[in-house]
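The structures considered in this document are given below.
Below, chain A partners chain B and then partners chain C, in two separate complexes.
Then we have the complex of A and B:
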């Protein structure tokens, strides 16, 4: 018994250490964002909101934020829509080359981001679409769609095969069955995919850096500031970005968990 | 008979190179309770799915009241199905599930709600109307599925092994519910099952299928007493199927020399047999009399008891003849006490020649070929 308890405690300490390792830099950034000193040193200076005021009054940051939020929302909707369609075609139909189709649909996240970004830049400038406001959107949709598809596909796999046929059997046309049965059933996964793709797009830096041109997103602006000088504004921006992304990811996680529960109930 | 409600006219269904249903001919009449029974893969579910329009026949024609239905989609037919998995919508509550069919038909919310509630009351689950499906027991879900299918007041209801997931005592209860509903509503039930007890307990007519073909259509009595083929006789169970050779025909009776001994059987008037011909016959386990001493009469087989099996009030005895052929006999438990049933005991089996059912010869050949 005692050795078992010892192991339990060791595992807890281990997990605690991992969390420290992951979150310490973020926590430090959070703490220093309220520090009045210019350089991150200990002991800390006074508590201050000056860096937040500073970024609040910087129109460049506002532009970037607007860019990021627009991009993230459009990307979330478009990639969730494409992801849903891909997942549904996979669920519903058998056709020649389906495995190839699926492999292609899941491929983008496996490509290293720098290469992906570079390739996107090359391609978009070829077709004269680089540096526009929707260049980042196009690139991010390609990057995010597989995540949306994977989440929705998982949900469809949990669906009783006869559910859709049951709707037809009760007089629903194929479109009606989609609206009344497939979409309500996959709704938790759809919302979850919206949050997750928004978070991925909001955070993504490498691809955005290559293709954004003058329409910089927040992560790109952070890099630009960082290249110039040591600037505590980064801490303030970082804290904001972190909270936004975490909120989205946590919502997505909660929805994924609740859908596991509904599966247990059904079983 | 009047115009059949449903006609299958030489219907064939192929999936790739696999033929699920081969030349199916079947008529189903208004108000009938038809059970389609057979082992898994016999084509019974495919037949039902074709009725619902979920699968299209590869060949042949399906007609509803004379109208060709081959190209009519599932949503344009009024053929609700009670699914094996029930397929209740988990994101809707009980009453919304029941309303679904009415909503698809464009009925306004208050009317469809009232109708759905009526059906829930009728199936004695009105109090669960606002519950989630996940909060219901198996039997309650079953009733929701029935209400959802019946709420549109169809002419025909299709059921695909709906009771297979229920406990034995619930099955009996639901059989009662189904039979009563079918009588009250006067609509046609087409019930697919692999369970003989379900089919025999409820159906007016039973269709036995095997390998995509109909083996026999008849009342439960006919199927049980007069199986038309070796397959049916075996599928129905509780039968002794004996093969032998004709040694004598006289006075409407035939004598057959078989591994269990010489047996006589009443020969159906339309059947012609010749001496030396092979012939198979069926002796139901429940027509056999047993005694320790040798009785008088025909078809007396001396055996040795191997084992016995109790199922409540009925016991099945497994016996072996001197030549090693095995037979089974079924008797009431109260008659069992009059017998010496210690293993190895000498027992005489006997049965009247009128109770012997001779299998049609053509189907014998078929049975041997498969």
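Then we have the complex of A and C:
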């Protein structure tokens, strides 16, 4: 069946093309960040680190980086904590209005960021909390919690449900069972959620742009540079941002994948 | 729902002591953080936005009120309706294009590669979804610009230059950057979970490849295909980066309208009108699609 084979290979090439499309902008940003020409095109100019030197010497970038790192770390811990609480609640309890509860937990990523940004700006101004250093943190926790919740909930779904009750029957209090059974079991997912939420916060620009005021994060700086002319510094910043968030997302995924594997081995 | 009945009938956690399922302090400590945070910083802000759309602006200052004047003004403007139709049409086009481009890829990932390869493919498709969309759009800007990479390549073979940047084509490229990985993933999940025996049976009964795709695979994967399309529509409809930086904001979309209105001073109530209109549109689209996805076949 040669035609069958031809179709198989054509479809595989098609997958390759899709991946080219998806990764082309990331690759382009990487390549052009080392390119000396002011307008990035081919043929390439000389190899140059000038754009990296340029951003390295820009105090505004360093301020933004500090803001971004602080925001991302705080957001990661708070949203993972809230996500864990929500996942455990969903795993263990049934109560009146649970569907509503879960909708509230999972809906935020489906609201367009511009709309949520505007709502957040208006509301935070109303309660006198906009333009502060923690305004972005508050908004990002809202956006990141659903991801943390989903990851941890998936891990809990893999747990043998009798483990926790076994601990109770052996005399452990609810708190002790939580500490010695639930948390150790979900630990890979917790770390995974920390990485993923940090990545989401580190990359988020729309809501941050609305509420950050003077405390700009890296993506907000990129957005403001973009409004001017073509500026090759963005490739250098972009390469750094890509590397950071890709590392975080890869760690997050490897933690999830390895736990799948350990389950297969056990099963 | 009667929760005690549920508890008795199923005993939610196997042989868990039923007393432990009562709402005690322990239960509340886990339940409340999300409820409090997402109420104060998600539900209330969105409700406040609805309220804000009825506020008044006098002498460049906002005043609380309950006046439909912003709604009447906004809805009587031609540029608002132009933006509405354009945004809806562009998002719809993006949804159709993304679904069509993604389908052969999802089909191939489901049937033409090993399970390990499929898992790795999804691994790599998840990465860009969480990787700076903004910088990727900038990258496209330099790739499709008039003297950018693609036109430079085409000029070697004597073609072009083609104007791609600041056109609807540019916007669609940007939307696809945002949505294509997600659509491929959702379609792959639903196609890969189809019972192979059904496809085998169709083949044995003499059903050709294309016919199998349209009469067996598409109907069975319907839910995943529609949910993928729905997410694509939501993301495209609300995005402002692609239509602004790749579409040249000509004409502006609703999201660009919101930003221009917000950033130009105290016109937040008008921006709120646009935002609420968008949310209502998305709700209608979402309910329609979910209804379509789960509709019983007659």
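We take it that the second predicted complex is superposed on the first by the 259 of 267 C-alpha atoms of A that agree within 3 Å, B and C clash if a C-alpha of one lies under 4 Å from a C-alpha of the other, contacts with A are read in each partner's own complex, and residues count from 1 in each chain.
Just so it is clear, a contact is a pair of C-beta atoms (placed from the backbone, for glycine too) under 8 Å apart; a residue touches a chain by one contact, two chains touch by 3 or more.
It should be emphasised that the depicted structure is a prediction, and the values quoted were computed from it without experimental measurement.
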item: Chain B versus chain C as contact partner of A:85, first or second or both or neither; value: second
item: Residue contacts with chain A in the superposition, chain B compared against chain C; value: C
item: Touching partner for A:170 - first (chain B), second (chain C), both, neither; value: first
item: Partner chain(s) touched by A:228 [first = chain B, second = chain C, both, neither]; value: neither
item: First, second, both or neither for A:59, with chain B first and chain C second; value: neither
item: Chain B versus chain C as contact partner of A:181, first or second or both or neither; value: first
item: Contacts of A:114 with chain B and chain C, given as first, second, both or neither; value: second
item: Shared contact residues on chain A - chain B and chain C; value: 161-162, 165, 168, 174
item: Residue ranges of chain A touching chain C (in the complex, touch as defined); value: 7-8, 11-12, 14-15, 18-19, 21-26, 28-29, 32, 39-43, 81-83, 85-86, 88-89, 92-96, 98, 101, 104-105, 107-108, 110-116, 118-124, 126, 138-139, 141-142, 145, 149, 161-162, 164-165, 168, 174-175, 196, 199-200, 203, 205-206, 210, 219, 222-223, 226, 230, 234-235, 237-238, 241-242, 245-246, 248-250, 253, 257
item: Interfacial residue positions of chain A with respect to chain B in the complex; value: 160-163, 165-174, 176, 180-181, 184-185, 187, 262, 265-266
item: Interface residues, chain C side, partner chain A - complex; value: 1, 3, 6-7, 12-17, 20-21, 23, 26-27, 29-35, 37-39, 41-46, 48-49, 52, 101-102, 104-105, 107-109, 112-113, 119, 121, 123-128, 130-143, 145, 147-149, 152-153, 176-177, 180-181, 184, 209, 234-235, 237-241, 245, 255, 258-259, 262, 268, 271-272, 275, 278-279, 282, 286
item: In the complex, chain B residues that touch chain A; value: 52, 54, 73-75, 78-81, 83-85, 87, 89-92, 100-101, 103-105, 132, 134, 148-149, 152
